[in-house]
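Both of the next two complexes hold chain A, though its partner changes from chain B to chain C.
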Partner chain A sequence: MTRIPGVARMLTVTWWLQLKMLSASAFNGILQFVWPLFFATTAFLVYRQNGDPAALVYAGLGSAVMGLWSAIATTASGALQRERWHGTLELLVAAPTPFALVLVPITVAMTTIGVYSMGATLLWGWLLFGIVVPVASPVLFVLSLVVSVLAVAMFGFLLSVSVIRYRTAWALGNMLEYPGWLLCGFLVPVTLFPTWVTWISWALPPTWGMEAARQSSAGESPWLALALCVVLGLAYASVATLLSGAVLRSARRHATLALT
Partner chain B sequence: MTSLRIFFIGGLISFRALFNWLSPWIYVPSLLIAPVFQVLLFAYLGRSAGVGSDAFYLVGNAVQYAAIPCVFAMANTIAGERQTQTLGIVLATPAPRLPLFLGRRCPSSSTGGWSRCSPWSSAA
Partner chain C sequence: MPVIEADDLGRSYVSTTGILRRRRKTVEAVRGVSFEVGEGELFGLLGPNGAGKTTTIKMLMTLLLPTSGHARVLGHDVVAEPREVRRNVGYVFGGDRGLYDRLNARDNLRYFSELYGVRPERQRLRIDELLELVGLRGREDERVEGFSRGMRQRLHIARGLLHDPAVLFLDEPTIGIDPVGARELRTLIGDLKAAGKTVLLTTHYMFEADELCDRIAVIRSGTIVAEGTPAQLKDAVSAGHVLEVEAYGVHPDVVASVRRLAGVRSVSIEEDGQAQRLLVQVDQGVEVAPQVLALLDGTTVGRVVTRQPSLEDAYVELVGTSANGQD
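After this line comes the complex of A and B, so read on.
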């Protein structure tokens, strides 16, 4: 009977603790704001040449949500490496709490940091470029963002588990940032890509989160996109949970958890 | 002659010791694949907005990406020495500063020039 409240407490406390740890570094915090702003500014300048105000709104919203991906791509791939450096990975693995449940709030905290970036980009677009993103359905818009944050976090969960035995995982994470920006339709409509590329886009939860945010912003129904985002997020979480068990068993068998 | 030795041999040893780029697991994702996706991002951004040609974004991003290893590597040369706790020893040596640090800059700048080829080859 106490299991569910106990798990909920563990998830909340871990999320909050990780959020505080991630927010402690002023350098990383500033970088988290500034890095997507460079690209957002470039996108605003390019779309402004177009002369279409709707295109600027498209870029404004896309650039803002782009921060979620940036927050997860590099940091999630290095999440377990960080625990390894801190010497806490073995403790986490040995804890009675399932390892997958420990990782989920860590990646959710990483994505939550991206919300700061989202706010900063919206503010930047408004102050410097006069971009006001109209939100026709505020409740659905917020719901879209919350679902996007959770779905992106589940992608990060899968990513962090997938690279647990890759010593230089951070390099892979850095590499994923541009493909994610491109494939998830943050700045460019996915319909511009070749058909086989759109299939990859549709398999990524942020694509549907972004679509839901755009639809709720425009007053359209975002429910289908939201449902697909949730389903994909759950699928990624399921695969990551299974993978974490397999990878940990392998690491134990070969004594490679520490990678020393 | 001492300055030349510090410039060439010191620079080479520093590059080999400090930089992870000698590992293909880091070099390939960081300096060969990432630039290609950056070019693709901006080329598609231009196509979507109807601004500029693909060549415009290719040339701009290739030059910009060539600069990244130069700037990043030079800064990281100092940071790497600090991290490995050898910065104090390096600064305490009587070696002249100019060849010492310029020598460390050259291999990373060459890497930047080489990485510029990645977007070009992808475009070809």
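After this line comes the complex of A and C, so read on.
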């Protein structure tokens, strides 16, 4: 067995088992089902008021990615907190697998829930509000969504790393949920914000993923936005990987791994 | 070469209190602990709650960085080579936590098999072997949330053995388990030793340490106060005997008076339901039973026994003596 297939298998099996855990609770399942639709419906009802179909399409696409962001921002940072409560965080650290690799399937499992949320929102908008997102370049559109999903997952990875050292850092995800909706341009264009705010928006990978999805939907070239989304996603992943080692060492120094 | 070496190992915790005027408080959990464990040996760390047993094991497991001293496991430094240490050790702790309740037993073991790099072609067989070993065969498809504490503990042990580690750290594995379950676990731990595993066991149950351990280190307030085989530790207090008096309503003044008798080394009281057991450790050749019974005049007295010291007596004397020394 070579190293890469071994790692790929480890990531796949642990991702699947994490997903199994997340979907084991009926209550959690219902919540994950209703939560994104609730906010999407609110957005659709607001945007429907001005009678502009283009605005409704804007909201339809934005709401879909908004659900993805919420699923990851709020739950990825809570994922390691859940490991603390289970008493498994120390066991994950005690495993010989590099801790960054242990974290990836946990974050990706959350992202999978987010992907469901994205699809469900598009379907909900179509069934109840008749919103059909016109897609001029289907391949590029799907590619934009896939890249957005991965980039958001990397952002979630970075958030989850902070919980290793600080046990209340899970609240960070909750704090970022609603500002993220605005800053990433899910509901309103980022160009409406003051310049200093747009700088923050540009530093967030979903902003570019969203831009790429809108551009490919409109038949424009999404490549620059896609490239920026990939670069930012990789940058977040690199920072998270580097940080995970330092943060883990700090947690071992300050004895915070066993704390709940 | 010893499998586990702790050399003057120390760990302190810093905590802060107050909001505006932050005050730092440093607690020395482990103060310069040194010991060695040989290959295939079952070594016990025995001590009361808060003595530093778990902190010591966590430093050896690479989960905590020592604040002083050094430790090596299989020749690997626990600070500089944590990955090499983790590859070769298994860690099992007592209590309800440390498992994924919403997964079944097999999936719990699958998850950790992947993290511990158990080869895919070996995984299924290894999991089946371990389920058989810990007596969970037939229950592997049930969610862990429905397991009793004893079953959870056995699953913990199976998890710790997945990658067939040469060294096992068992941190109070029988805590909170019913007597039958605890006995089964002790048998299992004995089997692991027989299979050639090097085991470091922490416990505060004397009989467990007596039954299982080749050697024991008694730790109190972060310091090792005695080390040796169970027999050696008993011998340390065996130059005498123990007078055990069953009584009802022993007054504290009587205990103080017994303590002042010539030849008495230590006195302790154990509650046993409504009764109490007065345990008097006495120097060799000294007979204090008549004086003790005289002091208990007016108190209902039951069985009176004179016996050889047990490991528990040794432990009480060692811990009590060191406590008095520190106070």
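Following the convention adopted for this analysis, the second predicted complex is superposed on the first by the 257 of 260 C-alpha atoms of A that agree within 3 Å, B and C clash if a C-alpha of one lies under 4 Å from a C-alpha of the other, contacts with A are read in each partner's own complex, and residues count from 1 in each chain.
Here, contacts are C-beta pairs under 8 Å (C-beta built on N, C-alpha and C of every residue); 3 or more make two chains touch, one makes a residue touch a chain.
Since we're looking at a predicted model, the values are computed, not measured.
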| item | value |
| --- | --- |
| Chain B versus chain C as contact partner of A:255, first or second or both or neither | second |
| Which of chain B and chain C A:201 touches, first, second, both or neither | neither |
| Partner chain in contact with A:244 - chain B first, chain C second, else both or neither | neither |
| Touching partner for A:182 - first (chain B), second (chain C), both, neither | first |
| Partner chain in contact with A:47 - chain B first, chain C second, else both or neither | first |
| Partner chain(s) touched by A:216 [first = chain B, second = chain C, both, neither] | neither |
| First (chain B), second (chain C), both or neither touched by A:55 | first |
| Chain B versus chain C as contact partner of A:171, first or second or both or neither | first |
| Partner chain(s) touched by A:117 [first = chain B, second = chain C, both, neither] | neither |
| Touching residues on chain A, where the partner in the complex is chain B | 42-43, 46-47, 49-50, 55, 166-168, 171-172, 174-175, 177-179, 181-182, 187-189, 192-193 |
| Complex contact set, residues of chain C against chain A | 13, 58, 61-65, 83, 86-87, 91, 95-103, 107, 110-112, 114-117, 119-120, 143, 159 |
| Complex contacts: residues of chain A adjacent to chain C | 1, 6, 9-10, 13-14, 17, 20-21, 24-25, 86-88, 90-97, 102, 249, 252-253, 255, 257-258 |
| Residues of chain B defined as touching chain A within the complex | 20, 23, 25-26, 29-30, 33-34, 37-38, 40-42, 44-52 |
